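Can you keep this structure in mind? I'll have questions shortly.
As written, the chain order gives the labels A, B, C, D and E, with residue 1 at the start of each chain.
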């Protein structure tokens, strides 16, 4: 059961990663990258690492994504 | 186009290395030497039920100090790179229109978020979580404050204080370890207390609190610095 | 004792607390930072002292109070103390240097600075793998921040490149660490090392990842574009830190982890280091931007050190000494250079010509350049010496070649740069001002270099005998450099004379050395005397001249190979500075230096082979080379021949001697070249006469000598520049000497000695007098002179006597050499070489005539009608030398007999007999005294006869000649001098076609083009740099583990 | 080593004989030359008349010290050659001062006179002097190459550089002359001799037509007399050197006169047959045929 | 389980590297880094996984039992650190990107080639 979920999430994270790298729209790419982190934190949970999962969720998918958006925002403001 | 194929070729080489790494990995049946020691003695030596916390704060507390230092460095660099100084922040810049909802919601939610964050790092030695996610949660609270209250500069000083005091506190607790216990960052400055209780595991809760505050402050600093970057006089 | 952990605690605590210093305490933060750095320096210095003075166990710091591997431990041993100390010192000095920049940027930058230095301390001390990673990250993030102290686009780009590259590298390290943990169950470095992960095919991959990432941190060529850009764009103060401190720390990490994989991996490390050393320096040759050039040089030096770490198995316990010698030199010199670069702030190395405005800065610059190349008395000299000796002992020729080639290439650009600073005429000189806080650290580093050099010299085998007394004198002259010429000149002459008395008892029984000591010291006094006619202070001349003489005399005095090489390099350095003083000497001084370094490295290689043969450090070891003896002797000969300017290695000489100052030319020609002769003599005496290799070498050298004379003489005949003519003449004369010595018989050597002494005498005269005339007339071109015999009769007589000696015309002493020569040639059976020598001997008349005719005879030029005789300060030494010539001519046996007795033991038969004043060989006989009497008497009689017959001879006007049926009025039309041997050139000019020059030009162009081609990889694109890093990993993997 | 007055006087006598023979020889040659071209030529005593005239001329002009001393150097070169060559074999009286040096001394003493002359002429400031000297030196460098090779060949053959010993080795009848025992060396040396005497085709140095003035004009009167004297001595001395080296030496003055005459005649003979070479042509020529012959001479004795 | 996770990790690393090496947009390159880092984190945690064991949080002190109950806590501790370091580096890179953008008004990596040779 866990194995199936793991495979599913693994594939999902790869797809997310692909989108993050290849999608034209930077916002979408950033969100995709945040999703990869989120999937990763699920994988951490599956690997019996709740501490890591929490940190990854809060920092990897939360804060990092936020900072990306902040910077993107700044850049767009300038471009306007 | 040729370049992409070259890159792909090189990545194929990296793939080969990763494949060899994958083949070298055979899973685990039992714990390794160090892990086994931690599992057997961690709880009794350090008094923390969360072994990861025991490692992060005590056994490898020095790493954590370095890690906090990295955040500290990043915040410091970002602020001097983006030239964020108090005097650069114009006090009466045009106030961005924030939604009523966000404004009032933040007034309720921010304290709650702070409480959650503090809870996470205070209980770091008992439950999953700890200084880092706790700090991140606090930072997200600050973020909300930034969003809702454009005149964030008021709290900038507070953040600086929190940052310094928690950092210095961390180091001082470490030094106390040398003075009163076995070495730098030894948690047995205070008694280990009752296993599983909040006030147990020596100074781990204090250290983790400092870490949490420090992380929160640094992350807030980073966020604040980037958010103020637009004020830079070009 | 303050515990090492306080370095970290104090630094971090201070950094954290600094944020609290509000506006009121703002000025406190820079002092707080300096105090913190000072404290760190104090702690590490105190531990260093402790370890050096007492034998005590390594101090281990347990964090968290648990034993490793369960918690992180730090270690403070002598090595850690040394590394943290040098890091903290450069941190402190760098802090002082950057004082104002940091203050301008604010407390945040100071925190970063402090944390940066702290992180390097931890990197050195930690014994935990992951902790190492964390603090390496701290260091690189801090670096990325400090780069931005220079707030400009270039710095930003460089920082971004740095971040991307180090991001990839540290991730690879992380993977390596986790696998090392997986395989060994521990993160402790000692545990991981003990686990011997390199042994298994499965676990070796962790070893690979750790090695490759640590190596990549050291910026190996060619995956180092990101690192070079940092040096280029960052504030030089930061460049100094990265080069001196970060690189040292990274190197120590490599050293810590060196034994991770086993011997095979050490090989890879050494190869990577070697490639970096050579490649990075090679690319540097095309570089014009000072900071970037320093970057290449830094990376090259670190490559060398990496290589040394990789060779640690071969070097054994010497490794520490070697590495620290080279490291300290690199550290101090590179920091100093970066700081200097910050002071001067030139975009182009040509802008460093501005340094001339401040002799002290120039002195510092020279110190650093020489330290980097490995000249004495700097620690790198001793390090390289030991390195080569040890490598030779193990028979690692390829490594020796790599090191020497790399060092040579480094010399190419460093000396070009130094030359620019000393000499280049450049329009866009930057204005710079020297602030105390910027110059102070540079001085400290220079002092460190000298102090450490003197400190380590006794630690080298044989190094305790090095005589520093002459060097002290040089320093003293530096100190009084502001005084007027006549005082310094008197002091210098006095010093030399005192040393003569000092050294005479030592050498009394060693005639070979005594003769050369005589040439060097007496020649020194006489050539220095000419200096009295100069005015002003002549800054920098006397220390350098004395340095050259110190080196020369050191060569004589040395009994060990180290002392010899030490003095040899000293002499080279001194003479380089003397030569480059000339007005147009820049390119010539440069090529002199390059040939000298090349030659010195050939000698070093030869010494290495000699040492390896019997582990004997004395010069006598040359007599007992049993490892590749022919190669060793050839290399040594080539090394010495760069100084004697033999054919193929001669192209530096004409310019160097021709363009030098009027009294420098005789020093470097009559005196300096004899150092090469002395070396050759020593070498030949030690060579095994029975071996075929040695005899073949002599045979080849004989031909080289003969051809050198021909090319030298013929080139001289076609010269229009008086001093260059003399310079070519020197080449030819040294060719005779080489030939004579190569004959390796009693007679040959006597001829060699005769030539040596003669050349000293007449070339000193000629260069002194002609130099004086050139100065008087303001031109080097002989066709612009003429008729000087009327204005300068004393000069004329001096030159006349000299050219009679050069021509070998009886009865003067030149003939003694010729006569000995032919007897030696016949005895040896080198008939064709002999014929060639004779031919070139006659060719010599062409230039001798041209010299004396063009300058002294013919028509006096209008603009020279008011010229007076040259200064008495030049004539007096010249006439003293003429007295020497006369004595040697009339009583050759006074000098030749003792020489003969001296060299008799070395040669089987004593071929020369004496019958009173008559010398006899199996072929012929010669009686110098009688010839002198006969010729003298006959000459006087004939002269009397002519005087009696033409008692009423009347002196007539200059233009009173009939010339194509009219009387000329302009001297120019009747003074035939320009291209006087046109017909001869038409017939035989092909002999002097500049083939050798073309050859060296092609070589240098080739090297530069290769450099130019290679540096195209540094395209500036950060993604490409990242790609290089990844490619480097892949290629290294495929080579090391891919089964290829 | 004999420094006595007697020795000195005998040598002076020898010098006198040689001078007069030299003058006679040159006038004879000029007569032969004239006959070949269908003229009568000068009387045999003409050189003496010239000499007396030159020495007694009253106009004496000098350009300076070196100009003045130059001829002395030149004469010293000729006299020195004479002094250091043993003239008559087996007679210590006529061996002059040859005990003080060997063949190498002779080879190098040639330069003594040349150098002095060159310097003296140069001081005259006459541009043609310099041109002539530069050509002379150029040509001389290569003239000496076959000569050197020949001398080396002799030295190998006889294992000595002493002229007396070389002559002694040839005292076994005509077949023991070097001419027969070492023909290549002889040929090389004789070719070189052509250049040394400076007759056509190697007389561009003097260039009788193109440079009619120059040194001979600048040097006049006593100076020219000295030069003429020297010419006479030098020709005989050089011929005597060749005689000693290649043609068995001379047992008496008579033999010396015959042999030197023939040697001198050889050069004049060639000169009447061949046209003049330009300087680079003669330089190259001496480095071709004569040099190769000289090399063969050495190789044969290796 | 751990095999799936570790291969996901390596795949993400490759994907991230591909992004770093091939993308022209600086933000995309930084995104590549975060994915690369995430991959490494997954690999690290996977390496510490022990089949069928629980998270390293103990209820009671029981040494011998604990050793058989939990997965390896060390890699988890390391990953915690690594995540935070990654955040620091990412933030710093983004600030660099911001500044670079201000310099040239472009996010294209090819516009930043002023330093070369």
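As a working rule, contacts are C-beta pairs under 8 Å (C-beta built on N, C-alpha and C of every residue); 3 or more make two chains touch, one makes a residue touch a chain.
Since this is a predicted model, take the numbers as computed values, not measurements.
For the pair subunit A and subunit C, chains touching both partners: B, E. Leaving out subunit C only, with every other chain where it is, the touch network divides into A, B, E | D. Located most centrally within the structure is C, per distance between chain CA means and the overall CA mean. In terms of C-beta pairs in contact, the better-connected of the chain pairs A-B and A-E is A-E.
With centres taken as mean Cα positions, subunit E sits 99 Å from subunit D.
Each chain gets one centre point, the mean of its Cα atoms, and the points for subunit A and subunit E are 11 Å apart.
Distance between subunit B and subunit E, defined via averaged C-alpha coordinates, is recorded as 16 Å.
Note: centroid distance subunit B to subunit C, computed from Cα atoms, is 54 Å. Annotation for subunit E: residues touching 2 or more other chains are 2, 7, 13, 17-18, 21, 43, 46-49, 55-57, 70-71, 74, 76, 78, 80-81, 83-85, 87-89, 91-92, 94-99, 102. In subunit A, 49-51, 55, 59, 63, 67, 71, 74 are the positions where the chain touches two or more neighbouring chains simultaneously.
Every pair of chains in contact is given here: A-B, A-E, B-C, B-E, C-D, C-E. Residues of subunit C that touch subunit E in their complex: 130, 134, 137, 141, 144-145, 148, 153-154, 156-160, 163-164, 167-168, 171, 174-175, 177-179, 181-182, 187, 229, 232-233, 286-287, 292, 1015-1016, 1018-1023, 1026-1027, 1030.
Across the complex, subunit A meets subunit B through its residues 49-51, 53-55, 57-59, 62-63, 66-67, 70-71, 74, 77. For subunit E in complex with subunit A, the residues that touch the partner chain are 1-2, 4-5, 7-8, 11-12, 15-16, 18-19, 23, 25, 27-28, 30-32, 34-35, 38, 41-42, 45-46, 48-49, 53-57, 70-71, 76, 79-80, 83-84, 86-87, 90-91, 94-95, 97-98, 101-102, 105, 107. Against subunit C, in their complex, subunit D makes its touches with residues 1, 3, 55, 58, 60-66, 68-69, 71-72, 75-76, 79-80, 83, 97, 99-105, 108-109, 111-112, 114-115, 118-119, 122-128, 130-131, 133-135, 137-138, 140-142, 144-145, 148-149, 152-153, 155-156, 159-162, 213, 217-218, 221-223, 225-226, 278-281, 283-284, 287, 294-295, 298, 302.
Residues 50, 52-53, 120, 128-130, 132-133, 136-137, 139-140, 143, 219, 222-223, 226-227, 229-230 of subunit B touch subunit A in their complex.
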